[in-house]
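Each structure below appears as structure tokens.
In what comes next, subunit A is part of two complexes: it sits with subunit B in the first one and with subunit C in the second one.
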Partner chain A sequence: MTARTLAWLFVLFMATLPLWMNDQYILYVLTSTGIFIIAAMSLNLLLGYTGQLSLGHVAFFGIGAYTSALLSLGFDLELGGGEPLVLEPQPVWLAFLGGILMAALFGWLIGRLAFRVRGAYFVIVSVSFAQVMRMVALNWVDLTEGPMALNNIPPLTVWWPGEGVLPLYRKEYYFLLVLAVAVVSFLLIQRLVRSRVGRALVALRENESLARSVGINITRYLVVATVLSAGMAGAAGALYTHYIRIVDPDVFMFIYTVTMVIMVVTGGKGTLAGPIVGGLLFGFLPEVLRDVARPEMQWIIYGLVMIAIVFFLPQGIVPAVAKLFASKRSSRDGRTPATPRVSEGASS
Partner chain B sequence: MSAVLAEPAALEVREVAVHFSGLIAIASMSFQVPEGAIVSLIGPNGAGKTTAFNVITGFLKPTAGKVLYHGADLTRLSPSRIAALGVVRTFQRTSIFGGCTVFDNVLTGLHQRGRAETWASLLRLPWVRGEEDRLAQEANEILAFIGLEHRADEMAGNLAYGEQRLLGIAIALAAAPKLLLLDEPAAGLNPSETEAFMAVVKRIRDRGVTVLLVEHDMKMVMGISDLVVVLNHGRIIAGGPPETVRNDPEVVRAYLGQGVKRAEG
Partner chain C sequence: MPEFLQHLANAVILGGTYALLGIGLTLIFGIMRVVNFTHGELYTFGAYMAFMLAGMFGLNFFLSLLLAATLGVALGALIEFVLLRPLKGADIDTTMLVMIGAGIAMQAGEQLMWGGVAKSVPNPFPTDPVVLGPVSVGPIRLFVLAVAVVLLLVFYLLINRTKLGVAMRATFQDPDTAALMGVNNGLMYTLTFAIGSGLAAVAGALLGPIFVVTPTMGDLVALKAFAIVILGGLGNIPGATIGGFVLALVEEFGAGYVSSGYRDAMGFLLIIAVLAVRPQGLFAAKERIG
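Our next item is the complex of A and B:
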């Protein structure tokens, strides 16, 4: 069985899940985990493939969430004198698209910046960027309601034959929607990293000087990666905001970025399946622990699991598993073990 | 000497100077690389050879002077633009993408031969597949030329040192150079590997590629160069065919008599 079949079986399994599983809570956890996996996949494009550590990734997620929420709710804004800027509530999918575009626009800005400040400086700039966004969300009360949060955000809709446009109130449907967006995101990233553009991104990670010397315009590809990554994170944020239906400045908290980084690094950065494996593990771990451990122990175990993975599998789970299979296969064939192509991952 | 110099110059380095905040790396350097020749730039450690390479390929802006490639000034261009003009280099230590397979290394080197940008790749337009097949074909040809086709699926970082040096050249060749700059390609190779390496460089020249070489291995330099340029303390002290340079008293002093010189200065 190839990795490809395995991946599609996994998708099929997930898609049929609402048919036979009635536990609404697990479905809720899966949906929010799925949203985070989309964000982690987008982070992986930057962290795993171009090698740029953005510790402000949640900013794109939050920008997508706020933009989509505001466009779907409408707003009126005093811009000092003259007519106030009034926006009527827009259709949710238009708002969703707006969220993606706004996040991508900020991604473009950060991408231009990343070219000027690299390494540790970029990490600091990206962290600050997310903090600034949080401050804006907190203090621009006219627009964002500040800490009072934006409420009653309309859910996303779907057009159904004979029924017309239906809002997605039911958890099952929203779960399927998140699954669909995740699959689309995965395929987009897969196509990108296995193309000429993807090779340019990896070249940037592996040996920047050499990449430039063979004619790769690293500025352009760094910006391309940041824009796509930000747009995808924005989509995840918009999914989140229309799912939870309330958004407050805490969406910009540093801990969310950390969660995404943990998902990517433990799963295997620079592999297609890594963020999914890491995301499922660390999305579900807190829920599993809730049943078996006392509250004060839960986060200690969480931390220990994380340390153990990073310590024993520094490349992440997916490359380690891929290596295991490769060496098994080659010992069966009686060949020398070949190192697997890390950039392709196991279940891709 | 005159026979080679009669060819038009592919590259002309004209009065290039490089100062690093007070430190003079290159005082004033002028030399020409004739089309289709193998030219070696030699000199003791710290003479400014790699600095010269960095200036020619756009990784470093010179304090003064010009680098003319077929008449066009390279000093204002970025490394990737210079590569697009056909001036491609290798690097002294790591000239490979260690975390990728050998095949992908060469495929990455072929970047300029492809056109597929972001949208075309995301939408996987029909012509993109054809382009990928064509690039894969070219990558295989280059690997065969350099003699690494049996290592295609190996991780580049796992190759033996000599093979990594060859791969570095394969990547540079993939970038379709008209002028290839090799920075100490034979460093760390054993005599038989060096021998094989010289043959590869000659075959590259025979394909019509002009080669500029920085090298310490005198046997290699004297064996394959049409011209040798000797750099010492940021200045050119001699230039010409290998046999002339070998007997130049100034060159002998630079390599053997640095103690005397330092005592005088």
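Our next item is the complex of A and C:
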């Protein structure tokens, strides 16, 4: 059985889940975990494949959430002078697209500025950017309602033959929608990292000067990766906001970025399956810990897990498991284990 | 005009502590190549220690300050010894992840230990402001400025005039050659991290009586320290000192004349401006840091 069949079996299993599983709570956890997995996959594109840590990744998530919420709710804005800027509520899917585009646009801006210099600059710029977005969401009360939050955000809709356009109020359907978006994102990233662009990204992660010497325009590829990653994070944010149907400035909190980072690093950065494995693990861990530990303890555990992973499992779970299987198979065949390849798209 | 002078005075006072935070962070980055995400937590730690010693145990404020600084130095040395020393030679991303993990754990630990309710360190000075012409300043703020300036001077003497400073600068320029000349690199790293941490802890303890102490107070401070360090160029100590005062000026005048809600966003705007115009930092020679 190949990894490919296994992956599709997993998707099939997930897709049939609402048919036989009646536990609404687990479905809820799975849906929000799915949304975070999409965000983690987008982070992995930067952290895993280009080696750039976007420590303000939640900014793109939040921009997607706020933009989509505002477009679907409509707003009027006093810009001083004459007429106020009035926007009628837009169809939700248009708003959803708007969220993706807005996040991608900010990704482009941040990428263009921060990648003028290499080193720790991108990390610092991105982390401050998220904090500034939080301040804007808190202070621009005319637009964002500030700490009062945007309420009654309409749910996403779906067109069904014979029924017309239906809002997705039911958890089962929303779960399937998130699953579908996750699969599409996965396939997109898979296509991307196996393409010319993906190989260029890996090349510049492994050795920037060498990549430059063979004519790869480093900064351009980095910006392209940031735009795609930001857009995907924006999609996750928009899914999130139409799911919980409220959005407040806390969506920009640093701990959400940390959650994404820890998902990617634990699962295995630079592998396609890594964010999914890490995401499932850290999506359910808080639910398991909830009964035994206070939230502060949970964060202490997260911090320590992050340290432990770097010390003892620096590649993450997926490459470690893949290596284990590879060595088992080759010892059965009586061969020495193959040297593990530099992690890239192959280990799905 | 009086308003202008008042803002200027506030900015200079704030700038002293910003400079302390900035040089601690830039020192650690310059010598160790570590982006220290525990810096804000050490600031918080210093403030809580001052609160515990002066507020809970009723110790003398100045003694508490000294003890808080010492504890900060010790905690910094411990972090370096336990977390960074085994990772010697690891790349910058690896140590960054470890530091982020440590920062999260420390912040959650502070939350667990002290609760979410804001604390305040008792102010040992009279609260009546000192009036100097058009400017009035609380005595505690003058004390904070004085301590910050003295610490900055001591730090410069340490780096430029002592054997230890020469050894640290040598490690900064070329660790291998420094080791060949008999410099104990490991010791230099531990000392660097300890000194940087101590400066952050002092800043926190100093500002304890002026602002309130909360477990998350370090988040914004860490961001400001990062902004200061980028302003001056990563690893550039004089740059970070000036950067501290520049950030304070921009914040104070931005909050006073533009918008107070975005006071804490000024640092980010400065970073963006610097990256757009002079990416290597305001005071760095080009390509000083990779």
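Everything below uses one rule, namely that the second predicted complex is superposed on the first by the 320 of 348 C-alpha atoms of A that agree within 3 Å, B and C clash if a C-alpha of one lies under 4 Å from a C-alpha of the other, contacts with A are read in each partner's own complex, and residues count from 1 in each chain.
Following the convention adopted for this analysis, a contact is a pair of C-beta atoms (placed from the backbone, for glycine too) under 8 Å apart; a residue touches a chain by one contact, two chains touch by 3 or more.
Computed from a predicted structure; not experimentally measured.
Once the two complexes are laid over each other on the shared chain, residue contacts for A:M135 go to subunit C alone; subunit B is not touched. When the two complexes are overlaid on their common chain A, residue A:P154 makes contact with neither subunit B nor subunit C. Applying the stated contact rule after C-alpha superposition, one finds that A:L188 touches subunit B and leaves subunit C untouched. The partner of subunit A that touches more of its residues, comparing subunit B with subunit C, is C. When the two structures are aligned on the shared chain, A:I216 is found in touch with subunit B, with no touch to subunit C. When the two complexes are overlaid on their common chain A, residue A:I300 makes contact with subunit C while staying clear of subunit B.
Touch criterion met: A:I124 reaches subunit C, while subunit B stays clear of it.
Touch criterion met: A:V202 reaches subunit B, while subunit C stays clear of it. Residues of subunit A that touch subunit B in their complex: 188, 191-192, 195-200, 202-203, 205-207, 209-218, 224, 228, 270, 338-339, 341-343.
Of all residues in subunit A, only 51, 53, 55, 113-114, 116-121, 123-125, 127-129, 131-132, 135-136, 138-139, 254-255, 258, 261, 265, 294, 296-300, 302-307, 309-311, 314 touch subunit C in the complex they form.
Those residues of subunit B lying in contact with subunit A across their complex are 57, 59, 78-80, 83-84, 88-91, 94-101, 104, 107-109, 111-112, 114, 116-118, 121-122, 124, 128, 131-132, 135, 153-155, 158, 171-172, 174-175. For subunit C in complex with subunit A, the residues that touch the partner chain are 29, 35, 83, 86-87, 92-94, 96-98, 100-109, 111-112, 219-220, 223, 226-227, 229-230, 234, 259, 261-262, 264-265, 267-268, 271-272, 275-276, 279-280, 289-290.
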